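Chain lettering (A, B, C and D) follows the sequence in which the chains are written, and residue indices restart at 1 in each chain.
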Amino acid sequence: MARKWMLLVLVALLLLPMAVSAQETMDDMAPPPGFASWDAVLEEARGQTVNWYMWGGSDSINEFVDTFYGEPLLEEYGITLNRVPLADTVDAVNQVLSESEAGVGPGEGTIDLIWINGENFFTMRQAELLYGPWAQNIPNSMYVDWENPAVALDFGRPVDGYESPWSSAQFNFIYDTARMSAEDLPRSYAELTEWAIANPGRFTYIAPGPGAFLGTRFVKQIFFEVSGGQEQWVGEFNQELYDQWAPVVWELLNAWEPYLWRQGETYPASEAELHELFANGEVDFDFTNLPSGASTFIETGQIPPTSQAFTFETNMIGDFNYVAIPYNAPNVAAALVLANLMLRPDLQAAQVQPANGFGLGYGIDVSTVSEEEFIAAIEEAALNMGAGAAPAADLAASLVSDIAAEYQALIEADWEANVLRR
Amino acid sequence: MSRVKRILFYAAVVGVVLALVLPIITFFINAFAFRWFYPQFVPNEWSLQAWERIGLIPREGQRTLEGWWRLLSSGSDVINALGTSLALGGLVTVLSVIIGLPAARALGLYRFRFKRLVEFMILAPTIVPVIAFVLGLNINFIRWGFSGTLLGVAVVHLVPVMPYVVLTLSGVFANYNPEFEEQARTLGAGPLRTFWYITLPSIFPGLVVAALFAFLVSWSQYLLTFLIGAGRVITIPMLLFAQASGGNNAVTAAMSLIFIAPAVLTLLLSARYLSGEASAVGGFGRI
Amino acid sequence: MTHVVLQKLNKVYPGTTQAAVQDMHLDIPSGQLVALLGPSGCGKTTTLKMIAGLIHPSSGDITFDGASVLPIPAERRGAVMVFQNYLLFPYMSVGQNVGFGLKMRGVPQKTINQKVIEMLELVKLPNIANRRPKQLSGGQQQRVALARALITAPKVLLLDEPLSNLDAHLRDEMRELILSIQRQLGVTMIFVTHDQEEAVLLANQIALIFEGVLQQYAPPDVFYRQPISERAARFFGGVNFIAGTRRGDRVTTALGDFVFNPAGKDSAPEGAVTLTIRPEQIVLQPADTRNSIAGRIRARIYVGTYTRYKIVLNDGSEIEATRPGDVGSLEEGDAVRLAFPEDRIWVVAQR
Amino acid sequence: MWWERWRIAVMLAPTLLIIVVLFFGSLGYGFIQSLGYQPNIGNYSISLDAYSTVMFSERYSEQFWRGLRLTFFVSLASTAIAAGLAIACALLLRQTFVGKRVATFLFQLNLPVPHLVIAIGIIFLFSNSGLLARAAAQMGWISAPSDFPVLVRDTEGISIILAYLWKEIPFFGIIVLAILQSVGEDYEDLARSLGANGWQRFRYVILPLIMPGLLSSSIIVFAFTFGTYEVPKLLGVRFPEMLPVMALEFFLNPDLNARAEGMALSMIIAVIVLALVVVYMWISDRAIRQT
């Protein structure tokens, strides 16, 4: 008996310096609130189940999450991933809101992590429904370029460490090379207007509204073009600026209506609906938010294999999306571990490849990665972007950042009043 | 019937039946089609991709015994949701029958004051839309801590289920002679054995129909599960609804088939008890 | 062999004020076959179910051989009921039905099978144990129900309208079977019926009940000769009632005076009474004029074994008399004399 | 005896507990909330603001009234057309013919199939690039999807009606079939011997016989179609929008004030349905008495 004890003490003594040194490497970084150290987080997270509420409409994304995060979480950290699919992220916001209304305290809630950005984040932040700040207190946040306004500002609002980036996306169009050639493609809204008039009934866009942010983004980009550029929209919400240009945009969209699919009587409500219209040849342009462009949807068989992504010359909105932890998350530690894992460069390299089913862009700044095996993974990913993607140069050249979240709700409501119901 | 008349008659029957089952036929095509775009009438490419995606068939090359086992034990969304849906349906069925049986007996066998009022109250949930009460329920359930638990959702499913269970069973009791029980009592059977040997066998066909409705109404419930399950009780209709509003057709079709299979199976198994139960068919209105 | 006594038995159903059974006092000696007779809703079935233990009395007591059985639940009381529509469990075979009581007592299946055969023989239905109740005729079902009740060797056998669902010829058969079983086993039997004929056919003693109140408890013949009231008389088929005033053994009516021989049995007071005589006791065209009155035949109804005459009397009232066969040549419209033999006249108090 | 007196109350108690607490309780709670009484966010006053916002505000009034009209139209059309077609189907299927069992089974097949699934099937079948449009294209009747009539996600709610038809025709049909079978053909034979022709036998014999069952089931169908969410959500357009969809969208809006409006709208739906059911029962009661 005594010998066994001795052995244990010895082992403990041997391990102590290692633990201390591990502590040291993170000395420059404060632990997330409520935890003594990152090790304490790992310790507490072991055995927990992380309830991740995320939009679940894409099975390939679901599959990606289960494979690329679920397995390492369990194997490396002893955490079980419970991914809860949502029809719309606002459902999760509403859930936390209802819980807070019902007086549910910290640790007693149901949601550990939400895939979130923009308006939903803004709502939760405003109602103080989030745990934090923590996003700059997890180890892998060192790969994140927090200086980049597109990361530090979510729809023009400061992130303040209450959400951690996961991936990035950029608006781009899809066309079918079997139906038209690259020379005929419109490269601006002005050209799109001409194209639509010349090809009546062959174009439509996703109705801006809840759960259909690509539609909102499509309209937002018109604001940029008609007002002469995106720069003036960056920063605080500006009602005057909006009021100045909104009538112009509505006028344009109304002028389109007779030339749109179904004469603009109705609009597709979701991305999936537009994919279907495009695939069946009802319209000639499709939208996506994926840097891999058409590749992902060619893979799933949702659109013809001859499809190809393209961009306008400018004003293609790109942004980051994030994960946030509700104030009442029952498994904060596990949520932190997951958020940290998502930033690991090899997994980031996995998520950009269409074949893996996720196909969104990097959440980290790849130039900060110095580990060799990670660099190799990133280089390999670059070769696998698929034939359906828009040229990387076009994407980079047309990229603009998104703007204050207030515009989104405003555009959605006004579009409905001034275009849909006119 | 004359020859022409007979041909017309059969044409009408075939037409009606075919039209009614056509939506279901489209599921079978969609679920196995790949790149099935307009104007193809018959798909050019067939694929099991949708079934792979929902985790019911292993990917090509992994369709070995081990691959199947790994897949089924990995617990894909659909398999988990199938389990949840079945557990929920089973729980609702058992609860509703246990709770509804005494009430059905009281309504079927006895006359009492306020009987009309009681009947009206029990039937009210069949008329008042779910949307009218579920919003109020949502907040209270969160407050009481029932929200997001399987039991909580099951209890809420009881609201649309109870009217049909009580209605069906009270119809059975209206044609039931309680003297059979008295006969058994005087022959020496205690209350429990009287229930087991006398009451249960007598009402069994009606009980099957009631249970069928309870299960099916629960099985097809979307809004209640969505709002009370708080995203933690994921049933097949929840997955299917999310999929249908933003996913790919093949996967939607495959999931739809998964969704209707147990329902049709239950109908098949209990069809012999169902014939002629006009009052009971009312339960289908809720599905 | 059980002596059953009902003591001041009352039953008031919840939500009602009228007692269904009121102060019922009934002494049923061991081995008797007693009928509880009365119109439907008179409380006779309630009484039967109280004896069975299926309904709990509001007050009063029921004793078997002097010991109260109220605390004993139905299944252990040993008072077995046979219901009017037999209630054979439709999903069990005949044998399973008959053996049910023994199964409930945990008797081994082998013994049960043995007893079932015995019992089916007792009710004269051998070799039908494997049939389904549906395959049996009404009379056979009745006998199976009887066998099912008797197999448990009950202390008291309670029968609900045992003959009412049977055809005339089956009734006779059934009656003999019940009587022979009763003689053979000596079990105390109580049955309820609304049919006086059924009660008379079967019972040693009849308890006549109106509105939950016991009217008269006597052997069957007494109800014909000496009914307790006009209503009791009517229930047993009495049709001739004449109002009058009694003084000693003489009753004065609008039709004249009648002398009668009370034989010390009647309880009618002096003063206002109703005189009654059964149609078959009236003598038509008597030899002498004692106790006789005149009338005219309004209707003559030939019923085969006897003939009914409806006779209009002097004061306009009508009386009915019967004669066996069709003796004589009385026709409708004929004047007729009728005499009331004095030992056949009965008087009851006027209501 | 305690048990005897309270027996019925005890037997009813569990069911009534569920119904009263969960159903009527929630209805009542929803009503209170619709009046703007929300103590947990410090709002103790009561007002009809939510109702007037939903019905009369500039922002929502058009949406509400157009939605009401659409909802009413869809429910009424679905119920009436389904009932009518179901009678025809039942008259067909009650004949004796080879394959009757199979035909009857297939006729009932949609009964246990959830509304949600039927709605998806309707999209697959009737959309502009759906199976029927493709069949038309194969026949050469149309050259592009846009030539096919707009039946799905249309502003008139046609696809919603179609989905309900596919679900409710078997529902009504089985009820009518069961009634016809239990009644037998004796009454019709009698009417025929009295000189009634086919139409007269239908109008004066069959119709009055099936009417009570048909009416009570149409109440269920009408109320259901008026208040269901999944089908119009999947098959409807953003504007005009069926009332249940509008109500849930209010409720799911993170803005807590919108929640009162969602409750108000759901109360309006409940009141409309109840009022219509009462009127309907009153009319059908009179109609039945007159026939």
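As a convention for this text, contacts are C-beta pairs under 8 Å (C-beta built on N, C-alpha and C of every residue); 3 or more make two chains touch, one makes a residue touch a chain.
As the structure is a prediction and not an experimental result, all values here were calculated from the model.
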- Message: Quick check for you: compute each chain's CA centroid and the global CA centroid, then name the chain with the smallest gap between them.
- Response: B
- Please work out which of B-D and C-D is bridged by more C-beta pairs in contact, and write that pair. B-D
- Mean-CA-position distance for chain D and chain B (Å): 18
- Query: Between chain C and chain D, what's the gap in Å when you average each chain's C-alpha atoms?
  - Reply: 60
- Message: Please tell me the distance, in whole Å, between the geometric centres of chain A and chain B computed from their C-alpha atoms.
- Response: 37
- Query: How many Å are there between the centre of chain A and the centre of chain D, using C-alpha atoms for each centre?
  - Reply: 39
- Message: I need the residues of chain A touching at least two other chains; which ones are they?
- Response: 91, 101-103, 269, 276, 280-282
- So chain B residues touching two or more other chains come to 37-39, 112, 138-139, 241, 245, 249
- Every chain pair meeting the contact rule: A-B, A-D, B-C, B-D, C-D
- Message: Show me the residue ranges of chain D that touch chain C in the complex, using the header's touch definition.
- Response: 1, 4-5
- Which part of chain B faces chain D closely enough to touch in the complex? 9-10, 12-13, 16-17, 20-24, 26-27, 29-30, 37-41, 99-100, 102-103, 105-107, 110, 112, 118, 121-122, 124-140, 155-156, 158-159, 162, 166, 216, 219-220, 222-223, 237, 240-241, 244-245, 249, 252-253, 256, 259-260, 263-264, 266-267, 271, 275-278, 281-282, 284-287
- Which of the residues in chain A end up touching chain B in this complex? 51, 53, 56-60, 62-63, 66, 83-87, 91-92, 95, 98-99, 101-104, 110-111, 211, 269-272, 275-276, 279-282, 300-302, 304-305
- Please name which positions on chain B make contact with chain A in the complex. 34-35, 37-39, 45, 47, 49, 53-55, 76-77, 138-139, 142-143, 147-148, 226, 230-232, 234, 238-239, 241-243, 245-251
- Parts of chain C lying in touch with chain B, wherever the complex brings them together: 15, 49, 52-54, 73-77, 79-81, 83, 85, 87, 89, 91, 100-101, 104-105, 148-149, 152, 158
